[in-house]
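Shared between the two complexes below is chain A, which has chain B as its partner in the first and chain C in the second.
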Partner chain A sequence: MSEYRAAEHVRWAVETGGVVLIDCATGAATTLGYPQAAIWDFLTRGEPDQQICANLCAIASLTPAAAQALVLETVAALRDAGLVTRG
Partner chain B sequence: MASRLFAVPVFDKWLVYAPLHGVAALVNGAALQEFPEELRTAVAGEPEPEPRPREGPVHPQFLGLVPTRACNLSCAYCGFGATSHGERMDPRLAAAGVDWMADFAARNGRRTLDVHFFGGEPFAVPGVVDVAVHRTRAVAAEKGLLPNLEVATNGVYSEARANWVGDYFDTVVLSFDGFRAVQDRHRPAAAGRGSFDQVAGTARVLSASPAEVCFRVCVARDNVDQLAETVDWFSEEFRPSSIDFETLQPTPESELAGLNPPDPYTFAAQFWKARRAACGRGVEPVYAAAVTREPRISFCPVGNDTLILHPDGRVSACYLLEREWQARGLDLNLGRLGAGGDMELPEEDVHRVRQLAAGKPRCENCFCRWSCAGGCHVNHSFPGCSPAYDDFCIQTRLITACSLLDGLGLESMADEFALDQAEMRRLAVRPSDRLEEA
Partner chain C sequence: MANISLTTACNRDCAYCFAAAERRSGAGHMSVGTFQKALDFLERSGIGEARLLGGEPTLHPEFPRLVELALERGLRVQVFSNGVMPEPALRCLESHPAERVTVAINTSPGDAGQQEAFARLGNRAALSFNINTPAFEPSLLLDLIRQHRISPRIRFGLAHPAADASNRFLHPLRYQAVGTRLARFLEAARAAAVEPSFDCGFVPCMFPPGFADALGPAAGGIGSCCSPILDILPDGCVVSCFPLALLAREPLPEVENAEALRGRFTARLSGYRRLGVFRECAACEARQSGRCNGGCLAASVERLRGGPIAS
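Let's turn to the complex of A and B:
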């Protein structure tokens, strides 16, 4: 997971209820609410996988397994939308 | 009524002040002596009720979090007992505190969820802050509240972290004492290295961010004469919305480093000059003890039901070290928060801390009694403190008088007063400001 980074053509802004991602290539805007907004923050700051999951447990009151599943699911969705890339 | 009216001398006139009415006037001596009843009538009407200790259920304005007492600086005057390592708050405890505050805010019809971070240096444990910030934003969204996050920080961290702080915090109070020589002398990093370059870098990043930035300047004898120049430089280089000036609180560490508090008359005069410089540049100058907007019984979290959560789960009314209160014979603990989120705030403890805000005999006859409200309960107005005005009282009385004159549109008189040591001394040392004793 932590090998993913924001795609080069993506810019984002922190908003009251989460994060708004702008795909500069298409002009499309994607809003991430919580807890996905926290995953985006940790991902773009290069936090290690283990730390992302541990933080998410405390942020969203999740079990470690549920936190890991949510992170995997969120990263997959972001990757499929072209908002994150490997590397 | 009489005890709610005050008069202090300003040159050949008297500044009459009725803080509970929100009224000030400048009158001559004849008006004071010959028409005291007319003066009282002039400010008659429904005054604000005299501020009293709170009653009823706890009603905090904000939750304070102390993620750690650790700090990456070795400030010459630090009274927080900061070391490079210290107890670290369990992120789950921080989350439980945020949840409690969110429930309280939602139940009481608040619009905002207010969480403030203190230290040590909060970013000495960045992971705890990360969790607490995101938990605040998540639970605020869930409950339809606006997150309102504030942090008091030293600014010594990477540019990436500074960008994050600017993005995620609404207000950043940055401790920044001024020019390089002052900053490096007052606030050195470990091994005596200066902190100026990094703090100035953080100040630049924050200035370009959406956050509201407040600089907090510690004023000692060595920088008191350059406050206006510091304001000019801050305003040109950065984008502070306010600059807060606090005089050095002596500690064994500051004495060892040869740092001393400024002379109170010099501070008042220099603050006033700095205030003019700041206002001219659209920056709000702050001396917190001289804010006269509305009558208050306490100028700090103590007595205002603020809940400050410490790494060990203690909840207190004050962010200073427990041993400092204890040295003054005070107990400012309000209760405990368990990791499971169960908040215990025994009524008798809440009552005890609330009552502290009321008992300040030194302030009885002072015209600043409902604005300064006695200042810090630990360092200034502690039980058994001297009844005589000290340096903090003197500078506060002078700055408050200047502010009231300013409010009357008498700016040049305020400026002239702040330059006249003899006039300042005449006002500062009056044992009673009650109108009937003028």
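Let's turn to the complex of A and C:
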């Protein structure tokens, strides 16, 4: 399972072309397009990091190294924005 | 506009009631002092009409006095009622002309309990109809208007989710079926010289092409009428509206006017406004061009995953 999950105060909705994340504490909205929206989806389903990378390779035609880099980068950005927490 | 909710008491138990969560909170009746503060708020906001609702507002034990207080200030009074009201309330309402007092009766065709109110209120009364299913028959409303000679207007509302979504609200996936039925009804309404109007939450894409043109000026509010309304509750708090009570709620301001409060609520809800009632809203041309605001915010919030919205 990924070491990160959605922060307690975050809710999200799937849209055509991505995912909207709402920080219910502040009311702020963040939009994720694809493939970052797919990372969010896998992460909130509790997929292991390795599986998220494998899924990304399949759906976004990425090499394993590129998929891993994208996952790391996306999760770091979400963490810095307070949208995911460790645990 | 702003609504004043006089009481959480109600003599009906409508499955679609979007004030259900507030009614369960048991806040009771608004005090006369709070009502006066609410009227002060309307006056300093330049609002010329006191819109009284509930629960069932006429069940407030001092309802006639509250109506008089609003009228004494030169305000028009509009009451949103289910039409089943105590005799003193009915007597009070029928004692004023339609220019000063009107009553929007939230009706269910065939409801015998409302007949007396229709008969006695005459042109002070107009029909209001909340849609919670596509299986409704609006032509029965025309029969009511003909039969009782009440005002030839019908306000249609969508049953939006209550703050805790515990009511039987109209899911946006059913909007198109509702829009088709309303478009079909428009012709019959026009033939009977009855003017329909549409409350908040209606979106252009729920209607067949050409509907807005056929409707004329009344179509202006479709897709754009959430400002938000402001509902003043019996306990003296103000919420953006009943369905959004968990997201935007403050004590009734002592000094500020409705515009300032509305601005603060709008800012607080702006992130949620990014959502629309459909997942397709984000890419919709009507949304991007500002012709549609994405529909009812409460229905949009229902799309959120990850757990209920905390209060």
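One rule holds in what follows: the second predicted complex is superposed on the first by the 86 of 87 C-alpha atoms of A that agree within 3 Å, B and C clash if a C-alpha of one lies under 4 Å from a C-alpha of the other, contacts with A are read in each partner's own complex, and residues count from 1 in each chain.
Note that in this section a residue touches a chain if its C-beta (ideal position, glycine included) is under 8 Å from a C-beta of that chain, and two chains touch if they have at least 3 such contacts.
Not measured: the values here are computed from a predicted model.
**Q** Given the alignment on chain A, is it a clash or a fit between chain B and chain C?
**A** Aligned through their shared chain, the two binders fit side by side on chain A.
**Q** For A:14, select first, second, both or neither according to whether it touches chain B, chain C, the two together, or no partner.
**A** both
**Q** Is A:35 in contact with chain B, with chain C, with both, or with neither (first, second, both, neither)?
**A** Once the two structures are laid over each other on A, A:35 reaches chain B alone.
**Q** Write the angle, vertex at the C-alpha centre of chain A, between the C-alpha centres of chain B and chain C, to the nearest 10 degrees.
**A** 70
**Q** So, does A:6 touch the first partner chain B, the second partner chain C, both, or neither?
**A** In the superposition, A:6 touches chain C alone.
**Q** Answer with first, second, both or neither: which of chain B and chain C does A:24 touch in the superposed model?
**A** Second partner only, chain C.
**Q** Quick one: is A:45 in contact with chain B, with chain C, with both, or with neither? Answer first, second, both or neither.
**A** first
**Q** Could you grab the smallest C-alpha gap between chain B and chain C in the overlay, to the nearest Å?
**A** Checking C-alpha atoms only, chain B sits 5 Å from chain C at its nearest point.
**Q** In the superposed view, which residues of chain A touch chain B and also chain C?
**A** In chain A, residues 14, 16-18 are touched by chain B and also by chain C.
**Q** If you look only at chain A, which of its residues touch chain C in the complex?
**A** Listed in rising order, the residues are 6, 9-18, 20, 22-24, 26-29, 31, 44.
**Q** Touching residues of chain A toward chain B in the complex: what are they?
**A** 14, 16-18, 33-35, 37-38, 41-42, 45, 51, 55, 58-61
**Q** Inside the complex, what are the residues of chain B that reach chain A?
**A** Touch residues, chain B against chain A: 91-92, 94-95, 127, 130-131, 134-135, 137-138, 140-142, 146-147, 160, 164, 167-168.
**Q** Considering only the defined contacts, which chain C positions touch chain A in the complex?
**A** Its residues touching chain A are 247, 267-272, 274-275, 279-283, 300, 303-307, 309-310.
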